[in-house]
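Below you'll find the structure I mean.
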Amino acid sequence: MKILYFAWLRSAIGMPEETINLPEGVRSLHQLIEWQKGRGPAFEKAFADMDTIRIAVNQEYITDDITLTGNEEIAFFPPVTGG
Amino acid sequence: MKILYFAWLRSAIGMPEETINLPEGVRSLHQLIEWQKGRGPAFEKAFADMDTIRIAVNQEYITDDITLTGNEEIAFFPPVTGG
Amino acid sequence: MITVQREVFDTGAEIRKMTADRTDIGAVVSFTGLVRDFNEGKGVQALTLEHYPGMTEKQLAKIEEEANRRWRLQGSLIIHRYGRMEVSEPIVLVVTASAHRGDAFAAAEFLMDWLKTQAPFWKLEEDPDGSTDWVSERQSDLEAANKWQQSD
Amino acid sequence: MITVQREVFDTGAEIRKMTADRTDIGAVVSFTGLVRDFNEGKGVQALTLEHYPGMTEKQLAKIEEEANRRWRLQGSLIIHRYGRMEVSEPIVLVVTASAHRGDAFAAAEFLMDWLKTQAPFWKLEEDPDGSTDWVSERQSDLEAANKWQQSD
(Lines give C-alpha, C1' and ligand atoms only; values in the text may rest on other atoms or scores of the structure.)
Protein backbone atom coordinates (compact mmCIF):
# COMPACT_ATOMS: atom_id res chain seq x y z
CA MET A 1 0.00 0.00 0.00
CA LYS A 2 1.06 3.57 -0.69
CA ILE A 3 1.21 6.08 2.15
CA LEU A 4 1.48 9.81 1.48
CA TYR A 5 2.35 12.69 3.82
CA PHE A 6 1.77 16.37 3.15
CA ALA A 7 2.73 19.76 4.57
CA TRP A 8 4.12 19.69 8.15
CA LEU A 9 3.49 15.94 8.38
CA ARG A 10 5.77 15.42 5.40
CA SER A 11 8.46 17.58 7.01
CA ALA A 12 8.03 15.89 10.41
CA ILE A 13 8.27 12.38 8.99
CA GLY A 14 10.94 13.33 6.49
CA MET A 15 9.47 11.80 3.34
CA PRO A 16 6.59 12.54 0.98
CA GLU A 17 5.54 8.93 0.42
CA GLU A 18 6.41 5.29 0.99
CA THR A 19 5.17 1.94 -0.27
CA ILE A 20 4.71 -0.74 2.38
CA ASN A 21 2.98 -4.08 2.77
CA LEU A 22 0.06 -4.20 5.19
CA PRO A 23 1.89 -4.73 8.50
CA GLU A 24 1.32 -7.88 10.60
CA GLY A 25 -1.83 -7.50 12.70
CA VAL A 26 -3.06 -4.36 10.86
CA ARG A 27 -6.50 -4.88 9.30
CA SER A 28 -8.07 -1.45 9.79
CA LEU A 29 -7.26 2.22 9.48
CA HIS A 30 -7.21 2.66 13.27
CA GLN A 31 -4.77 -0.22 13.60
CA LEU A 32 -2.58 1.37 10.92
CA ILE A 33 -2.50 4.62 12.89
CA GLU A 34 -1.51 2.76 16.08
CA TRP A 35 1.20 0.96 14.10
CA GLN A 36 2.48 4.30 12.74
CA LYS A 37 2.83 5.68 16.29
CA GLY A 38 5.16 2.80 17.10
CA ARG A 39 7.61 3.50 14.27
CA GLY A 40 9.92 5.75 16.30
CA PRO A 41 10.00 9.23 17.85
CA ALA A 42 9.25 11.20 14.63
CA PHE A 43 6.14 9.12 13.90
CA GLU A 44 5.09 9.03 17.56
CA LYS A 45 5.23 12.83 17.73
CA ALA A 46 3.62 13.44 14.32
CA PHE A 47 0.67 11.15 15.11
CA ALA A 48 0.29 12.16 18.79
CA ASP A 49 -2.75 14.40 18.25
CA MET A 50 -5.03 12.88 15.63
CA ASP A 51 -7.31 15.97 15.83
CA THR A 52 -4.66 17.79 13.80
CA ILE A 53 -4.55 15.12 11.08
CA ARG A 54 -6.92 14.48 8.18
CA ILE A 55 -6.97 11.14 6.37
CA ALA A 56 -7.82 10.28 2.78
CA VAL A 57 -8.12 6.70 1.51
CA ASN A 58 -7.97 6.37 -2.25
CA GLN A 59 -8.21 10.17 -2.45
CA GLU A 60 -11.48 10.43 -0.50
CA TYR A 61 -11.77 11.85 3.02
CA ILE A 62 -12.30 9.15 5.66
CA THR A 63 -13.36 10.00 9.21
CA ASP A 64 -14.54 6.59 10.48
CA ASP A 65 -12.53 3.43 10.89
CA ILE A 66 -12.46 1.20 7.79
CA THR A 67 -11.07 -2.21 6.88
CA LEU A 68 -7.84 -2.17 4.86
CA THR A 69 -6.82 -4.69 2.20
CA GLY A 70 -3.28 -3.46 1.62
CA ASN A 71 -4.02 -2.08 -1.85
CA GLU A 72 -5.03 1.39 -0.72
CA GLU A 73 -3.46 4.78 -1.26
CA ILE A 74 -3.60 6.36 2.19
CA ALA A 75 -2.75 10.01 2.81
CA PHE A 76 -2.14 11.74 6.13
CA PHE A 77 -2.15 15.53 6.17
CA PRO A 78 -2.98 18.63 8.23
CA PRO A 79 -6.28 20.50 7.79
CA VAL A 80 -6.20 22.13 4.37
CA THR A 81 -5.37 25.84 3.95
CA GLY A 82 -5.70 26.55 0.22
CA GLY A 83 -7.88 29.08 -1.54
CA MET B 1 -39.17 74.92 -11.02
CA LYS B 2 -37.94 72.15 -13.27
CA ILE B 3 -40.01 68.98 -13.64
CA LEU B 4 -38.53 65.84 -15.17
CA TYR B 5 -40.23 62.68 -16.42
CA PHE B 6 -38.54 59.34 -17.15
CA ALA B 7 -39.29 56.01 -18.80
CA TRP B 8 -43.00 55.32 -19.38
CA LEU B 9 -43.97 58.52 -17.60
CA ARG B 10 -41.94 60.48 -20.14
CA SER B 11 -43.66 58.63 -23.00
CA ALA B 12 -47.10 59.02 -21.42
CA ILE B 13 -46.72 62.75 -20.83
CA GLY B 14 -44.88 63.29 -24.09
CA MET B 15 -41.94 65.35 -22.85
CA PRO B 16 -38.77 64.72 -20.86
CA GLU B 17 -38.86 67.96 -18.87
CA GLU B 18 -40.53 71.32 -18.45
CA THR B 19 -39.85 74.48 -16.51
CA ILE B 20 -42.85 76.01 -14.74
CA ASN B 21 -43.57 78.52 -12.02
CA LEU B 22 -45.07 77.17 -8.81
CA PRO B 23 -48.78 77.06 -9.73
CA GLU B 24 -51.32 79.13 -7.84
CA GLY B 25 -52.31 77.38 -4.61
CA VAL B 26 -49.53 74.81 -4.77
CA ARG B 27 -47.27 74.93 -1.70
CA SER B 28 -46.46 71.26 -1.20
CA LEU B 29 -45.49 68.18 -3.15
CA HIS B 30 -48.90 66.60 -2.61
CA GLN B 31 -50.57 69.73 -3.94
CA LEU B 32 -48.29 69.63 -6.97
CA ILE B 33 -49.34 66.03 -7.67
CA GLU B 34 -53.03 66.99 -7.43
CA TRP B 35 -52.37 69.91 -9.78
CA GLN B 36 -50.63 67.58 -12.26
CA LYS B 37 -53.67 65.28 -12.32
CA GLY B 38 -55.77 68.25 -13.47
CA ARG B 39 -53.62 69.07 -16.51
CA GLY B 40 -55.56 66.91 -18.96
CA PRO B 41 -56.18 63.27 -19.84
CA ALA B 42 -52.50 62.28 -20.33
CA PHE B 43 -51.51 63.68 -16.93
CA GLU B 44 -54.62 62.35 -15.24
CA LYS B 45 -53.89 58.85 -16.50
CA ALA B 46 -50.14 58.95 -15.81
CA PHE B 47 -50.64 60.11 -12.22
CA ALA B 48 -53.71 57.95 -11.51
CA ASP B 49 -51.85 55.34 -9.45
CA MET B 50 -49.16 57.00 -7.36
CA ASP B 51 -47.96 53.56 -6.14
CA THR B 52 -46.34 53.16 -9.56
CA ILE B 53 -44.50 56.49 -9.35
CA ARG B 54 -41.33 57.43 -7.49
CA ILE B 55 -40.46 61.05 -6.76
CA ALA B 56 -37.11 62.77 -6.39
CA VAL B 57 -36.73 66.37 -5.24
CA ASN B 58 -33.34 67.90 -6.01
CA GLN B 59 -32.17 64.41 -6.97
CA GLU B 60 -33.03 62.77 -3.63
CA TYR B 61 -35.87 60.29 -3.14
CA ILE B 62 -38.86 61.82 -1.32
CA THR B 63 -41.65 59.66 0.08
CA ASP B 64 -43.35 62.12 2.47
CA ASP B 65 -45.05 65.37 1.65
CA ILE B 66 -42.74 68.40 1.69
CA THR B 67 -43.09 72.13 1.26
CA LEU B 68 -42.10 73.53 -2.13
CA THR B 69 -40.52 76.93 -2.80
CA GLY B 70 -40.63 76.83 -6.60
CA ASN B 71 -36.85 76.48 -6.99
CA GLU B 72 -36.78 72.69 -6.90
CA GLU B 73 -35.87 70.12 -9.53
CA ILE B 74 -38.66 67.56 -9.23
CA ALA B 75 -38.56 64.21 -11.03
CA PHE B 76 -41.40 61.73 -11.50
CA PHE B 77 -40.49 58.23 -12.65
CA PRO B 78 -41.42 54.54 -12.42
CA PRO B 79 -39.64 52.17 -10.01
CA VAL B 80 -36.08 51.78 -11.24
CA THR B 81 -35.01 48.72 -13.24
CA GLY B 82 -31.28 49.13 -13.87
CA GLY B 83 -28.43 46.83 -12.96
CA MET C 1 -15.17 54.94 -7.80
CA ILE C 2 -18.31 55.30 -9.87
CA THR C 3 -18.68 55.81 -13.60
CA VAL C 4 -21.80 56.24 -15.73
CA GLN C 5 -20.95 55.82 -19.38
CA ARG C 6 -22.32 54.87 -22.76
CA GLU C 7 -19.22 52.87 -23.80
CA VAL C 8 -18.58 49.18 -23.24
CA PHE C 9 -16.23 48.39 -20.33
CA ASP C 10 -13.76 45.55 -19.82
CA THR C 11 -14.17 43.65 -16.55
CA GLY C 12 -10.65 42.20 -16.60
CA ALA C 13 -9.03 45.59 -17.19
CA GLU C 14 -10.98 47.11 -14.29
CA ILE C 15 -9.95 44.31 -11.93
CA ARG C 16 -6.32 44.76 -12.97
CA LYS C 17 -6.50 48.53 -12.36
CA MET C 18 -7.91 47.99 -8.86
CA THR C 19 -5.19 45.54 -7.83
CA ALA C 20 -2.19 47.09 -9.64
CA ASP C 21 0.66 48.03 -7.28
CA ARG C 22 -1.32 46.82 -4.26
CA THR C 23 0.05 44.21 -1.87
CA ASP C 24 -2.67 44.33 0.78
CA ILE C 25 -5.53 42.87 -1.26
CA GLY C 26 -6.38 39.23 -0.64
CA ALA C 27 -9.76 39.01 -2.35
CA VAL C 28 -11.35 40.61 -5.39
CA VAL C 29 -14.98 39.97 -6.34
CA SER C 30 -16.46 41.16 -9.62
CA PHE C 31 -20.05 41.14 -10.78
CA THR C 32 -20.82 41.73 -14.45
CA GLY C 33 -24.40 42.09 -15.59
CA LEU C 34 -25.04 41.26 -19.26
CA VAL C 35 -27.95 41.66 -21.67
CA ARG C 36 -29.43 38.18 -22.04
CA ASP C 37 -31.77 37.03 -24.77
CA PHE C 38 -34.79 36.44 -22.54
CA ASN C 39 -36.56 38.10 -19.62
CA GLU C 40 -39.65 36.93 -17.76
CA GLY C 41 -40.22 34.30 -20.42
CA LYS C 42 -40.01 36.66 -23.42
CA GLY C 43 -37.33 36.99 -26.08
CA VAL C 44 -35.11 40.09 -25.95
CA GLN C 45 -32.87 41.34 -28.75
CA ALA C 46 -31.62 44.60 -27.23
CA LEU C 47 -32.08 46.95 -24.28
CA THR C 48 -32.03 50.70 -24.02
CA LEU C 49 -31.05 52.00 -20.60
CA GLU C 50 -32.45 55.43 -19.76
CA HIS C 51 -31.11 57.22 -16.70
CA TYR C 52 -31.36 60.46 -14.74
CA PRO C 53 -28.04 62.25 -15.24
CA GLY C 54 -26.92 63.84 -11.99
CA MET C 55 -29.15 61.84 -9.69
CA THR C 56 -27.66 58.59 -11.00
CA GLU C 57 -24.13 59.61 -10.00
CA LYS C 58 -25.34 60.86 -6.61
CA GLN C 59 -27.20 57.63 -5.85
CA LEU C 60 -24.33 55.40 -6.95
CA ALA C 61 -21.88 57.44 -4.83
CA LYS C 62 -24.18 57.07 -1.80
CA ILE C 63 -24.47 53.31 -2.33
CA GLU C 64 -20.70 52.98 -2.63
CA GLU C 65 -20.14 55.03 0.53
CA GLU C 66 -22.59 52.83 2.41
CA ALA C 67 -20.74 49.67 1.30
CA ASN C 68 -17.45 51.17 2.49
CA ARG C 69 -19.07 52.05 5.82
CA ARG C 70 -20.36 48.50 6.32
CA TRP C 71 -17.33 46.49 5.17
CA ARG C 72 -13.55 46.87 5.20
CA LEU C 73 -12.77 47.41 1.55
CA GLN C 74 -9.47 48.23 -0.10
CA GLY C 75 -11.26 49.25 -3.26
CA SER C 76 -14.71 49.49 -4.82
CA LEU C 77 -15.96 50.32 -8.28
CA ILE C 78 -19.34 50.68 -9.96
CA ILE C 79 -19.62 51.17 -13.73
CA HIS C 80 -23.12 51.44 -15.16
CA ARG C 81 -23.83 51.94 -18.85
CA TYR C 82 -26.72 53.78 -20.49
CA GLY C 83 -27.98 53.86 -24.07
CA ARG C 84 -28.74 50.98 -26.39
CA MET C 85 -27.00 47.64 -25.96
CA GLU C 86 -27.42 44.32 -27.71
CA VAL C 87 -27.60 40.79 -26.34
CA SER C 88 -24.42 39.67 -24.53
CA GLU C 89 -23.13 43.23 -24.07
CA PRO C 90 -22.23 44.20 -20.49
CA ILE C 91 -24.58 46.59 -18.64
CA VAL C 92 -23.13 46.96 -15.18
CA LEU C 93 -19.92 46.14 -13.32
CA VAL C 94 -19.24 46.02 -9.60
CA VAL C 95 -15.76 45.23 -8.28
CA THR C 96 -14.82 45.02 -4.60
CA ALA C 97 -11.40 44.35 -3.09
CA SER C 98 -10.64 43.45 0.51
CA ALA C 99 -8.13 41.64 2.69
CA HIS C 100 -10.74 38.91 3.27
CA ARG C 101 -13.21 37.24 0.96
CA GLY C 102 -16.25 37.60 3.22
CA ASP C 103 -16.14 41.40 3.04
CA ALA C 104 -15.55 41.43 -0.73
CA PHE C 105 -18.46 39.05 -1.44
CA ALA C 106 -20.93 40.77 0.88
CA ALA C 107 -20.09 44.26 -0.38
CA ALA C 108 -20.40 43.26 -4.06
CA GLU C 109 -23.80 41.63 -3.50
CA PHE C 110 -24.98 44.60 -1.44
CA LEU C 111 -23.88 47.07 -4.14
CA MET C 112 -25.81 45.15 -6.80
CA ASP C 113 -28.94 44.71 -4.65
CA TRP C 114 -29.05 48.39 -3.69
CA LEU C 115 -28.20 49.62 -7.16
CA LYS C 116 -31.08 47.55 -8.59
CA THR C 117 -33.62 49.30 -6.37
CA GLN C 118 -32.04 52.76 -5.85
CA ALA C 119 -30.13 53.85 -8.95
CA PRO C 120 -32.37 55.76 -11.41
CA PHE C 121 -32.05 53.57 -14.51
CA TRP C 122 -34.89 52.17 -16.57
CA LYS C 123 -34.71 49.36 -19.09
CA LEU C 124 -36.62 49.44 -22.36
CA GLU C 125 -36.67 45.96 -23.91
CA GLU C 126 -36.77 45.32 -27.64
CA ASP C 127 -38.46 42.03 -28.56
CA PRO C 128 -37.24 40.08 -31.59
CA ASP C 129 -40.21 41.48 -33.57
CA GLY C 130 -39.02 45.03 -32.85
CA SER C 131 -41.74 46.01 -30.36
CA THR C 132 -40.59 47.67 -27.13
CA ASP C 133 -41.65 47.44 -23.49
CA TRP C 134 -40.52 49.11 -20.28
CA VAL C 135 -39.27 46.46 -17.86
CA SER C 136 -41.27 46.19 -14.64
CA GLU C 137 -39.88 46.30 -11.14
CA ARG C 138 -39.14 42.82 -9.75
CA GLN C 139 -40.43 41.67 -6.38
CA SER C 140 -37.28 39.52 -5.98
CA ASP C 141 -35.11 42.65 -6.32
CA LEU C 142 -37.04 44.40 -3.56
CA GLU C 143 -36.63 41.35 -1.32
CA ALA C 144 -32.91 41.13 -2.10
CA ALA C 145 -32.46 44.80 -1.15
CA ASN C 146 -34.54 44.42 2.01
CA LYS C 147 -32.24 41.78 3.45
CA TRP C 148 -29.56 44.50 3.88
CA GLN C 149 -31.80 46.79 5.95
CA GLN C 150 -30.22 47.73 9.26
CA SER C 151 -32.21 48.74 12.32
CA ASP C 152 -29.83 51.52 13.38
CA MET D 1 -14.35 23.31 -15.43
CA ILE D 2 -11.48 22.85 -13.01
CA THR D 3 -7.78 23.46 -13.55
CA VAL D 4 -4.85 22.94 -11.19
CA GLN D 5 -1.78 24.68 -12.53
CA ARG D 6 1.53 26.25 -11.62
CA GLU D 7 1.16 29.17 -14.07
CA VAL D 8 -0.42 32.54 -13.40
CA PHE D 9 -3.97 32.94 -14.79
CA ASP D 10 -5.81 35.99 -16.10
CA THR D 11 -9.20 36.63 -14.49
CA GLY D 12 -10.47 38.84 -17.32
CA ALA D 13 -9.54 36.31 -20.01
CA GLU D 14 -11.34 33.52 -18.11
CA ILE D 15 -14.50 35.61 -17.75
CA ARG D 16 -14.40 36.42 -21.48
CA LYS D 17 -14.01 32.72 -22.36
CA MET D 18 -17.00 31.78 -20.22
CA THR D 19 -19.30 34.38 -21.77
CA ALA D 20 -18.05 34.24 -25.39
CA ASP D 21 -20.79 33.32 -27.91
CA ARG D 22 -23.35 33.01 -25.11
CA THR D 23 -26.59 34.99 -25.14
CA ASP D 24 -28.28 33.38 -22.12
CA ILE D 25 -25.96 34.68 -19.38
CA GLY D 26 -27.23 37.62 -17.34
CA ALA D 27 -24.76 37.53 -14.45
CA VAL D 28 -21.10 36.63 -14.05
CA VAL D 29 -19.39 36.63 -10.66
CA SER D 30 -15.64 36.20 -10.27
CA PHE D 31 -13.59 35.70 -7.14
CA THR D 32 -9.82 36.13 -7.33
CA GLY D 33 -7.69 35.26 -4.31
CA LEU D 34 -4.29 37.01 -4.17
CA VAL D 35 -1.17 36.67 -2.03
CA ARG D 36 -1.25 39.63 0.36
CA ASP D 37 1.66 40.96 2.37
CA PHE D 38 0.27 40.06 5.81
CA ASN D 39 -1.58 37.20 7.48
CA GLU D 40 -2.76 36.91 11.06
CA GLY D 41 -0.75 40.03 11.94
CA LYS D 42 2.56 38.82 10.42
CA GLY D 43 4.39 40.01 7.32
CA VAL D 44 4.39 37.68 4.29
CA GLN D 45 6.71 37.96 1.29
CA ALA D 46 5.74 34.78 -0.59
CA LEU D 47 3.67 31.60 -0.34
CA THR D 48 4.33 28.08 -1.52
CA LEU D 49 1.19 26.07 -2.19
CA GLU D 50 1.61 22.32 -1.80
CA HIS D 51 -1.17 20.05 -3.02
CA TYR D 52 -2.16 16.42 -3.42
CA PRO D 53 -2.15 15.72 -7.18
CA GLY D 54 -5.08 13.52 -8.09
CA MET D 55 -7.12 14.12 -4.95
CA THR D 56 -7.08 17.88 -5.57
CA GLU D 57 -8.73 17.50 -8.97
CA LYS D 58 -11.27 15.00 -7.58
CA GLN D 59 -12.24 17.27 -4.70
CA LEU D 60 -12.53 20.37 -6.88
CA ALA D 61 -14.68 18.45 -9.38
CA LYS D 62 -16.97 17.28 -6.54
CA ILE D 63 -17.29 20.81 -5.19
CA GLU D 64 -18.12 22.15 -8.65
CA GLU D 65 -20.74 19.41 -9.22
CA GLU D 66 -22.34 20.24 -5.90
CA ALA D 67 -22.56 23.94 -6.84
CA ASN D 68 -24.23 23.00 -10.14
CA ARG D 69 -26.66 20.75 -8.25
CA ARG D 70 -27.64 23.55 -5.86
CA TRP D 71 -27.87 26.50 -8.27
CA ARG D 72 -28.82 27.06 -11.91
CA LEU D 73 -25.52 27.89 -13.51
CA GLN D 74 -24.69 28.45 -17.17
CA GLY D 75 -21.01 28.04 -16.42
CA SER D 76 -18.57 27.48 -13.57
CA LEU D 77 -14.80 27.49 -13.33
CA ILE D 78 -12.23 26.86 -10.64
CA ILE D 79 -8.52 27.50 -11.24
CA HIS D 80 -6.16 26.84 -8.34
CA ARG D 81 -2.42 27.35 -8.55
CA TYR D 82 0.32 25.47 -6.73
CA GLY D 83 4.03 26.18 -6.28
CA ARG D 84 5.71 29.37 -5.11
CA MET D 85 4.02 32.73 -5.61
CA GLU D 86 4.96 36.22 -4.52
CA VAL D 87 2.90 39.01 -2.98
CA SER D 88 0.07 40.24 -5.24
CA GLU D 89 0.14 37.15 -7.48
CA PRO D 90 -3.21 35.38 -7.93
CA ILE D 91 -3.71 32.03 -6.13
CA VAL D 92 -7.24 30.98 -6.94
CA LEU D 93 -10.05 31.93 -9.31
CA VAL D 94 -13.72 31.04 -9.19
CA VAL D 95 -16.09 32.21 -11.93
CA THR D 96 -19.81 31.49 -12.05
CA ALA D 97 -22.32 32.46 -14.73
CA SER D 98 -26.10 32.35 -14.47
CA ALA D 99 -29.24 33.94 -15.83
CA HIS D 100 -29.73 35.65 -12.45
CA ARG D 101 -27.31 37.31 -10.05
CA GLY D 102 -28.50 35.52 -6.90
CA ASP D 103 -27.42 32.11 -8.22
CA ALA D 104 -24.08 33.40 -9.51
CA PHE D 105 -23.21 35.11 -6.19
CA ALA D 106 -24.27 32.20 -3.98
CA ALA D 107 -22.48 29.58 -6.08
CA ALA D 108 -19.23 31.57 -6.18
CA GLU D 109 -19.22 32.08 -2.42
CA PHE D 110 -20.09 28.41 -1.84
CA LEU D 111 -17.27 27.25 -4.15
CA MET D 112 -14.74 29.36 -2.26
CA ASP D 113 -15.98 28.33 1.19
CA TRP D 114 -15.95 24.62 0.33
CA LEU D 115 -12.67 24.80 -1.52
CA LYS D 116 -11.06 26.43 1.53
CA THR D 117 -12.00 23.51 3.77
CA GLN D 118 -12.08 20.56 1.33
CA ALA D 119 -9.46 20.97 -1.39
CA PRO D 120 -6.09 19.43 -0.38
CA PHE D 121 -3.83 22.49 -0.59
CA TRP D 122 -1.47 23.71 2.12
CA LYS D 123 0.15 27.12 2.34
CA LEU D 124 3.72 27.60 3.48
CA GLU D 125 4.35 31.28 4.29
CA GLU D 126 7.70 32.99 3.89
CA ASP D 127 8.21 35.86 6.32
CA PRO D 128 10.22 38.92 5.23
CA ASP D 129 13.21 37.51 7.20
CA GLY D 130 13.09 34.32 5.11
CA SER D 131 11.73 31.97 7.79
CA THR D 132 8.82 29.72 6.81
CA ASP D 133 5.65 28.56 8.57
CA TRP D 134 2.76 26.31 7.61
CA VAL D 135 -0.46 28.30 7.72
CA SER D 136 -2.98 27.04 10.28
CA GLU D 137 -6.60 26.21 9.61
CA ARG D 138 -8.93 29.15 10.29
CA GLN D 139 -11.99 28.85 12.50
CA SER D 140 -13.74 31.46 10.33
CA ASP D 141 -13.25 29.24 7.25
CA LEU D 142 -14.89 26.29 9.03
CA GLU D 143 -17.81 28.50 10.03
CA ALA D 144 -18.14 29.85 6.49
CA ALA D 145 -18.26 26.29 5.10
CA ASN D 146 -20.74 25.15 7.76
CA LYS D 147 -23.34 27.69 6.73
CA TRP D 148 -23.81 25.72 3.47
CA GLN D 149 -24.58 22.42 5.23
CA GLN D 150 -27.87 20.93 4.11
CA SER D 151 -29.97 18.63 6.24
CA ASP D 152 -30.86 16.27 3.38
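Order of writing sets the labels: A, B, C and D. Residues in every chain begin at 1.
Methods note: contacts are C-beta pairs under 8 Å (C-beta built on N, C-alpha and C of every residue); 3 or more make two chains touch, one makes a residue touch a chain.
Fair warning: this is a prediction, and the values are worked out from it, not measured in the lab.
Counting only chains that touch, the fewest steps needed to get from chain B to chain D is 2. For this pair, chain B with chain C, the centres built from the Cα atoms lie 27 Å apart.
If you average the CA atoms of chain C and of chain D, the two centres end up 23 Å from each other. Computed centre separation for the pair chain A/chain B is 73 angstrom, with centres defined by C-alpha atoms.
Residue numbers of chain B whose C-beta contacts span two or more other chains: 83.
Shown for chain C are the residues that touch two or more other chains, namely 33, 112.
Chains touching one another form the pairs A-D, B-C, C-D.
Against chain D, the residues of chain A that register as touching in their complex are 4, 6-8, 10, 56, 59-61, 75, 77-83.
Against chain A, the residues of chain D that register as touching in their complex are 33, 49-52, 54-55, 58, 80, 91-92, 112, 115-124, 134-138, 141.
Residues 10-13, 15-16, 19, 22-38, 87-88, 99, 101-102, 104-105, 108-109, 112, 140, 144 of chain D are the ones that touch chain C when the two sit in their complex.
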